[in-house]
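Here you go, one structure.
Here the chain labels run A, B and C in written order, and each chain numbers its own residues starting at 1.
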C-alpha cells in the first residue's frame, strides 16, 4: 500500500477523482434511461463519432474535449433529425456510424503520421484521466452538473415518454422536444465520459452501472440512485487501483483506469445477476412495460 | 507495381472477405443486430493485443476473441437485454485490450496496423488462410440460409416447428465473429463494420427479394473493396477510409435509384421488384 | 362426434419459476372445431400453447395430438400437425422480404441450404397466399404491409404444412375493428373448409361470438371448456376466478365484470381494455 499515502497530495489524482465522480454520476443517471429506451447502440455510436471529432481536434491542435463534444452534438442532431424519419433504423444509423468511423480512421492515421504522436490514438481511444488538463475541469464539471439539473427537470415527462409514448402524446407531452433534450443529455454524458475512460470505454460508464442497477430494482428512482452510486464507486476504485498499479509489474507504467472500471462494472453486473437468479425473483425487470426490442 | 504479388493477393482476399462480410450484413440488418456486428471487430482488437503480448500471431488472438465475444454476447443476451449484453461484452474486452496494450513495451505497431487495415505485404500464406476461412463462412451461411431466415423473422414460429432457434442464433454470431476475424486484417478494426452494414443496406433499397438482396450486397461489397484497395494503393492512405466513403456513396446512390424508380412507377402500376 | 380428437389434454399442470401457471387443465378439441381461448393477461394462455407445441415440459398430465402422445419437451418431426401463428411480426420496413418469402418459410423454412425454385414450390406458395386472399400484396415488402395484411401472411405460413390444428396467439390485438372481423371470418372459413381445428387466443370474446363452437376460459391457471351460453355464466366464472363476477349481456355483447366489493372491474370488454385490480385480483 505504498501509494495510498501520497495519493491525496497528488493534484493529478484529486483532479481525476473530482472529474471522474461528476462524470460517472451523470453517465449512470442518463444510462438508466438509455437502457430503458433501448438506445445502448446509439449511446455507443456517440463515442465513435466523438472519437472522430477528438482526433480531428488533435490534428487542429485544439483540446480533444471540444472535438468530442462538437462532433457528438452534430451526430446527436443527425440521429434525432434523420433517425426518426428514416424508415429503417439500423441501416440508417449504421451508415452514419460507418462514415464517422471512416473519418476517425483517417484523422487518427494522419495524427499518428504527422504529429509523430503515437500516443494520440491511445489517448483518444482509451483515455488518460491522470493527464487530463486541469484547466478543463471547471468546464467538464460545470457541464455535467448542468446536465444533472436538466435531467431532474425533465424527469417525469421523460419517464412517461420512455415507458409509454402514446399516452405521453395523448396527455400533451411534447414527445419530440423531450427526445431532443434527452439526446442532448446523452451526448454530453457520453462525451464527458470519453474524456475519463476514453472513447472506447465511455460505453462502460453509460451502460454498465445502469444495467446492474436495473437488475437490482424495478423502481426507476431507486435505479437512478443506484446507477449513479455504482458509477461513482467504480470510477473511484478504478482511479485508486490505477494509481496503485504503478507499483505493480511492469513497474512504473501503471495499468489503465479503463481496465479497472470495465472489469469492476462487469463483475458487479454478473454478481447482481447471479444474486438475483438464486433468490428466484422471477422474470421481473426494470424494463417491464417497455417496448420489447429486437435489435442489439 | 500493380503486378506485385501482394497486390494480387490483396485483390483476391478482398473479394472473398467482401462476399462474406456482405452476406453477414444481410442477416445482421434483418435481425437488427448491427450493434453486435459493430462491437465484434473491437472485441477482436483486444484479442490481437493480447496475442502480441504473448508473442503469438495477432490474427489468432483476433479470431479467438471475436468468436469468444460472439458466444459471450449470445449467452448474456439470453439472460438479459440484448443490447446491454453486447455493450458489456464490448466494454470488458476493450478494458482488457487497453491493459494488454499498456503492458507491452510502448507502441505496439502490429496492433495499430490492425486498427487501420493492412494492404501491403499480404503473403500467399495469408491469402490461403483467408480463402479457406472465408469460403467456409460463406458456405455455412448458405447452408444455414433458410433456418436462419426463419429464426430471424418469426422466431416463435420457427421454434414451434422444432428449429433450435437459440443454436441457430449462436451459430450466426460465431460466423459473424469469423467474418470479423478475416475482414479486420485487411480492412481494419474501425471499418469492418462499414463493409458489413453498408452494402447490405444499399441492396435493401434495390430489391426486396431475399436471395437477390444477398447476391446484390455481395456484388456491391466486392466492387467497394476493389475500388478502395486501388485508391489505397495509389494514395497510401488507410483503406478503411475509402471503404467507408465509397460505401456511403453507394448507399446514397441506391436510395437515389430507388427514389427514381418509385417516382417513375408511381404514375402507373406499382412496379414489382 | 366419435372421431379421434385433434387435441386432448388431461390433468395438465405447469410450474414456471416456482409458480403454478397451469393447474389441472383438461381440453378436448374435435376436428374442425373453432375454440376461443379467452382469459385475462397472465392467465397462462401463451404458456398453454407452448405446452401444446412441445416447447414447455409439463410437470404433470398428458397432451395427445391426433391420438399420439406428445413426449413433452422438444417438438419432433417439425410439428407438421400443428400450425402456429405467433403474436406479432417485428420487421423493418426496408427488410428485403416479400410476402411470398415469408409464406415460403412455412413450407420449408426448417430445411438446410438455399431454396431452389420449382413449379411445384411456387404453386404451393400461391395456393397458400390465395387461401388467405393475400395474392394482391404477395410481392410487396412485408415490413410495409398493414397489421392485418401481415397477420394474413403469417396465417398462410402456418397453413402450408397442412396442419390439423391451428394455434393463434392473440392474432386480433393490434388490429383495427374492421380487420378484426375480417381476420376472424377468414380463419373460421379456412377451418371449416379444410376441417382444421382452430384454437384462437383472445382476451375479448365478443369478436368470436358468431363463429366459435366453444369457449375455453382460462383464469388463475384453471380452465373450463364448453359452449358460450354454458360457460359465460355468473356462477361458472365466479368459481373460476375465485370471487364474484357479473356477466352483463347488452346489445349482443357480453361483458364480464368483477365483483361488487372491488368496484366495477371490467375483466373483458370489447377493445380489450382492462382497468382496476388487474394484476392483484385476477392473476
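Just so it is clear, a contact is a pair of C-beta atoms (placed from the backbone, for glycine too) under 8 Å apart; a residue touches a chain by one contact, two chains touch by 3 or more.
Keep in mind the model is a prediction, meaning the values are calculated, not measured.
Asker: Please identify the chain with the largest separation between its CA centroid and the CA centroid of chain C.
Answerer: A
Asker: Higher C-beta contact count, A-B or B-C?
Answerer: Comparing A-B with B-C, the pair joined by more C-beta contacts is A-B.
Asker: Using CA atom averages as chain centres, what separation in Å is found between chain A and chain C?
Answerer: 44
Asker: Suppose each chain is reduced to the average of its Cα coordinates; what separation in Å results between chain A and chain B?
Answerer: Chain centroid spacing, chain A to chain B, equals 25 Å.
Asker: Express in whole angstrom the distance between the two chain centres, defined as the mean CA positions of chain B and chain C.
Answerer: 40
Asker: Which residues belonging to chain B are in contact with no fewer than two other chains?
Answerer: In chain B, residues 29, 32, 204 touch at least two other chains, as defined above.
Asker: Could you tell me which residues belong to chain C and also touch two or more other chains?
Answerer: Where chain C meets two or more other chains at a single residue, that happens at 90, 92, 94-95.
Asker: At least two other chains touched by the same residue of chain A: list those residues.
Answerer: Chain A, residues with two or more chain partners: 88-91, 294.
Asker: Looking at the complex, which residues from chain A come into contact with chain B?
Answerer: Within the complex, chain A touches chain B at residues 35, 38, 40-41, 44, 88-95, 97-99, 101-106, 108-109, 112, 118-119, 121-122, 126, 198, 200-201, 203-204, 206-208, 211, 215, 250, 253-256, 258-263, 265-266, 269, 273, 285, 287, 293-296.
Asker: Can you name the residues of chain C that touch chain B in the complex?
Answerer: For this pair, the touching residues of chain C are 53, 55, 74-79, 82, 84-87, 89-92, 94-98, 101-102, 105-106, 108-115, 139-141, 154, 157-158, 161, 167, 169.
Asker: Help me check something: in the complex, which residues belonging to chain B touch chain C?
Answerer: Listed in rising order, the residues are 26, 29-30, 32, 142-147, 149-150, 153-163, 203-205, 207-213, 270, 272.
Asker: Under the definition above, what is the set of chain B residues touching chain A in their complex?
Answerer: 28-29, 31-36, 38-39, 42, 73, 77, 79-88, 90-92, 94-96, 98-99, 101-103, 107, 112, 115-116, 188, 190-191, 193-194, 197-198, 200-201, 204, 237-238, 240-241, 243-245, 247-248, 251
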